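Shown below is the structure under consideration.
All chains are identified by letter, namely A, B, C and D, in their written order; residue positions are counted from 1 within each chain.
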Amino acid sequence: MCTALTFNSSSHYFGRNLDVELSYNEEIVITPRNYPFHFRKMPSATTHFAMIGMATVVDDYPLYFDATNEKGLSMAGLNFPDNAHFFPLHDKKDNISPFEFIPYILANFATVDEARHALTTINLVDIPFNASLPLAPLHWIIADQQQAIVVESTKDGLHVFQNDIGILTNNPTFDFHRLNLSNYRQLSASNPTNSLSNKIDLPAYSRGMGAIGLPGDLSSASRFIRATFMKFNAVKPTTENLSVSQFFHLLQSVAMPMGACEISPHVYEYTLYSSCCNMDEGIYYYKLYNNSQIVAVHLFHELIDCSKIIRYPLQHQQQINHIN
Amino acid sequence: MCTALTFNSSSHYFGRNLDVELSYNEEIVITPRNYPFHFRKMPSATTHFAMIGMATVVDDYPLYFDATNEKGLSMAGLNFPDNAHFFPLHDKKDNISPFEFIPYILANFATVDEARHALTTINLVDIPFNASLPLAPLHWIIADQQQAIVVESTKDGLHVFQNDIGILTNNPTFDFHRLNLSNYRQLSASNPTNSLSNKIDLPAYSRGMGAIGLPGDLSSASRFIRATFMKFNAVKPTTENLSVSQFFHLLQSVAMPMGACEISPHVYEYTLYSSCCNMDEGIYYYKLYNNSQIVAVHLFHELIDCSKIIRYPLQHQQQINHIN
Amino acid sequence: MCTALTFNSSSHYFGRNLDVELSYNEEIVITPRNYPFHFRKMPSATTHFAMIGMATVVDDYPLYFDATNEKGLSMAGLNFPDNAHFFPLHDKKDNISPFEFIPYILANFATVDEARHALTTINLVDIPFNASLPLAPLHWIIADQQQAIVVESTKDGLHVFQNDIGILTNNPTFDFHRLNLSNYRQLSASNPTNSLSNKIDLPAYSRGMGAIGLPGDLSSASRFIRATFMKFNAVKPTTENLSVSQFFHLLQSVAMPMGACEISPHVYEYTLYSSCCNMDEGIYYYKLYNNSQIVAVHLFHELIDCSKIIRYPLQHQQQINHIN
Amino acid sequence: MCTALTFNSSSHYFGRNLDVELSYNEEIVITPRNYPFHFRKMPSATTHFAMIGMATVVDDYPLYFDATNEKGLSMAGLNFPDNAHFFPLHDKKDNISPFEFIPYILANFATVDEARHALTTINLVDIPFNASLPLAPLHWIIADQQQAIVVESTKDGLHVFQNDIGILTNNPTFDFHRLNLSNYRQLSASNPTNSLSNKIDLPAYSRGMGAIGLPGDLSSASRFIRATFMKFNAVKPTTENLSVSQFFHLLQSVAMPMGACEISPHVYEYTLYSSCCNMDEGIYYYKLYNNSQIVAVHLFHELIDCSKIIRYPLQHQQQINHIN
């Protein structure tokens, strides 16, 4: 399904894997400051923060999967089937449809604290984009350079969790994943001593045995744990290029090779794209399943005061450097 | 440590991760047909099969980590500490030093069957390259387009295992890994039915739950299992570019992010390079830890009848495609 | 810590392991119908259901660990540290102290439905038995012959969970355990087919491989899963003796050998007693760590209309049948 | 299948679980010193060490499952299907049939060292007891008060392994189990510190979390590991009764509840008996699946110089101590 991640190294980075079985014609989309965001039940935002991210554009509207605004505030929607529940119109609340949620937050707020405050009056209302685009069952991670939160709208209401791990996958609800981590607290990046018994000789025949017990499957619970282990043990490089490399390595540790996750006969979920956004510089990096070269799109290389969305199709062709 | 892999898709592929804590100045090296291979205890090979692979060159001699010859026969050495044992000179045997082993096999043989036959008279003799380059404790995988074998020289002699899995990692000996796989036979790429009890409701809350139990750590035993699961469930693409992509995804599933395997304080084993050689076409593809773009070197684009080794330094610089 | 269990076989059974590091002078205690139960903040119950169970008696008051009343309604308190939270007096609620909770429920109610109804007005109030007996942090399982519920009083209030598994251990909260079970849905009592790949031969070298992945440790999360697997795959015998045997085998699968759970140097949690109460017949069976012979005490063999509690000390001496 | 175990506490103990799907009419059998053991291809032993153990008696011949002789030397046969291989008659060897193996060793030798020496000339010959009793595919553990060995006769010959663990289960071969233990060296009886990351709060919510990763299933590989963990962390009591209790708790940790191991529809392997023999005193203790009271038979309470085997039927009836 998906894994989202924050990583603080030479800059602050936010990104995700999109794990799906088919493409939604997603592309890199920059929404400039003066693109008018019309919301179904809220006043339009005609001037707002610019943002860059991955989106499917329908009727000139960017349906963002994940994006970062010019202040660095970042947000991604991840699949949350069976648990996600959206509500009827509530006339005392700010009614935002799930498909408007990323634009609304990133257009209006600069920090997680501001977003958290706004969430106290938000009702995620069950209004689809149109008749042929039903609402996706999502939950969201919102992060800035300092912290992250998770937003889950379930049958019993809207929940906002502080996310000290800076990771989100899919089901179950975030509190399960956070608690479940305790079951892996004994894992280690270094080889542990023999604590089973000092009366028997149990040599460590390999490096890397300290993480025995780390799950390697592709379920959302296991990806949460694996991403946490990798992130919190990761070396933090000191240059932009090395940091971006490292970020993609973290995402690859929870990526889905095509074939390993079969959802119906001969239909496979796989990691269609991996993204890494430099929150400080507004640079959106991505890799695709069949193009491992990193592509970069810069928010601030565009005229972000204009009013038309700027679209960059994905570079799906593998770019091999043939040396001879 | 390392993982080697064969994969038959649109062509036949052979490759490996090199997991180490430091570089050995390795580079891509083509040894042409007329480069004279001088062996310490065997007659020189002055005309032989050409080969391409990753090697450290010392005194104009290619110390190959892995290579493929012009017939497609491929071979890689992987770390095998504590278990590897090399023997004194044996005057009834063909005495080959471990550092000569890849050149000797790839120079002389076209198939695994030929190599297996030669192995019946080989003694891996404990002669180091020179005083400052002691013998590395290795075992080897030898593969052609049809089959693979593993060669392990341990205290009780030289062992040749048929390798129907086409995968090799490190310790323990190959027969342990092969047997240990049975403990994971219940894993599945698709979500299984609830077999715990039909009397309780146990929904599959996520895709990918069929592989729960797949180990995610970096020990050699766990990498062997994970690589096997990924390889034998992998979709097989029908074009060269897609097959090469898929091969690297398989290797990434057992790759080491820097930080996840700490071998001494602040010293980390990581996947320095990943390689994928098209055995049919003699194309050696590789990626580096900090350069995710695939680089390709073609054996048959060179004059392979010459006598001097051809060297291509590794392209360590990340090649980002900045779109705007 | 502890595991409680229901099991429906030739009769209906309810029991538990008490896992502790020291004895509390517990004994079998029958509270007859006319023993006056004085509650701190509720009217006394002078005539009520009789009950049998394991209790520490202080000042002639039975502090029950687990008990069953004459209707079969059964209840056990299990350790719930850090999570259990009890509240100040609430003058609109029925204020019951945790130490009164088992007596109150079993004295007054015949079924889980009745108990569940009563719970809507109960406040678990933080009144200790006395100054030297602080409140234990507990949660409870309440079961009759048809169903079971779990009661947890945490910081955010009193929670009543329907417990379709009929098992309770310790932390975390019950909903975590129930959800976590889904991660083990692929386990099976019979050997599965090889679903990793039909292209490799992976023989089942042993019986019992269908449950590979079942956790064997003594944490509360793992005991919950193991007990569930064992219970829901257990053969159901048709006689009283065989059913009781089977019940104790289920409890042994989650029992703690002395030494396996060290809580401080040379201090060990172990399974001090295992109990099995026939809910239909009022027979309380138990075994002790050092006496594996089953001891039985019959509620209905006593004059249950009297007013004095009846106490049977535990039979700690191993009863070996020396044949010659 | 089965688990055998040595345990040194107040005395030296040897015992096992017999895990089967049906009874073989086994009983406790004492073979006195002058019972004439006729071997098929070896001279008869007319005077020899007396022994006590569990056996099926056919034609007045004790087919021992496990036994201990008057010197304390102990031996048990455990299922070893597919791997066990017995050989044709070898005229330079001492040809012993597998069904004679326990009698031959225990009749003639006082220590493991003596038995090991004898094994250098033994050929386990494929002669069945009779036409209706084919040879069972077994391997054996032989133990005295100081050490233990494992004997496995496979296609490539007779193997004797030093067994520093003092445990045997079933497939694969012993060297696999011994090596596999290293994968569990990080387990601990006490709660470990959080080594995943010191940057996140990961409380130990339960006792017993140090052994997370200990397998709980009933496969032979998992029982070997679990028995090792339990044995090497077990408290060693100082009295006979407590030691025997402890021994049975260790065996229970690898016992099979009926239902948990289904070998064909509605046919279950279960722990028919558990035994514990005091090697120093010649006391054979046992428990049965449906009789948890310990039964004891004393070798030295009989006239062990006689010539007729002494048989004690198993006490299958549950012995409940009804207190009131």
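FYI, a contact is a pair of C-beta atoms (placed from the backbone, for glycine too) under 8 Å apart; a residue touches a chain by one contact, two chains touch by 3 or more.
All values reported here derive from a predicted model rather than from experimental measurement.
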item: Other chains in touch with both chain A and chain B; value: C, D
item: Pair joined by the larger number of C-beta contacts - B-D, A-D; value: A-D
item: Most distant chain from chain D by Cα centroid; value: A
item: Intercentroid distance (Cα basis), chain D paired with chain A, Å; value: 55
item: Between chain B and chain D, centroid-to-centroid distance (C-alpha), Å; value: 43
item: Junction residues of chain B, two or more chains touched; value: 172, 179, 183, 187, 203, 205, 209-210, 212-213, 219, 221, 229, 233
item: Residues of chain B touching chain C in the complex; value: 164-165, 179, 181-188, 192, 194-197, 199-205, 209-210, 212-213, 228-229, 232-233
item: Chain B residues within the chain A interface of the complex; value: 1, 28, 82, 170-172, 187, 189-191, 203, 205-222, 225-226, 229-230, 233-235, 241-242, 244-246, 248-250, 252-253, 255-263, 268-269, 285, 287, 289-298, 301-302, 312, 315, 317-324
item: Chain A - residues contacting chain C, complex; value: 172, 176, 179-180, 183, 219, 221
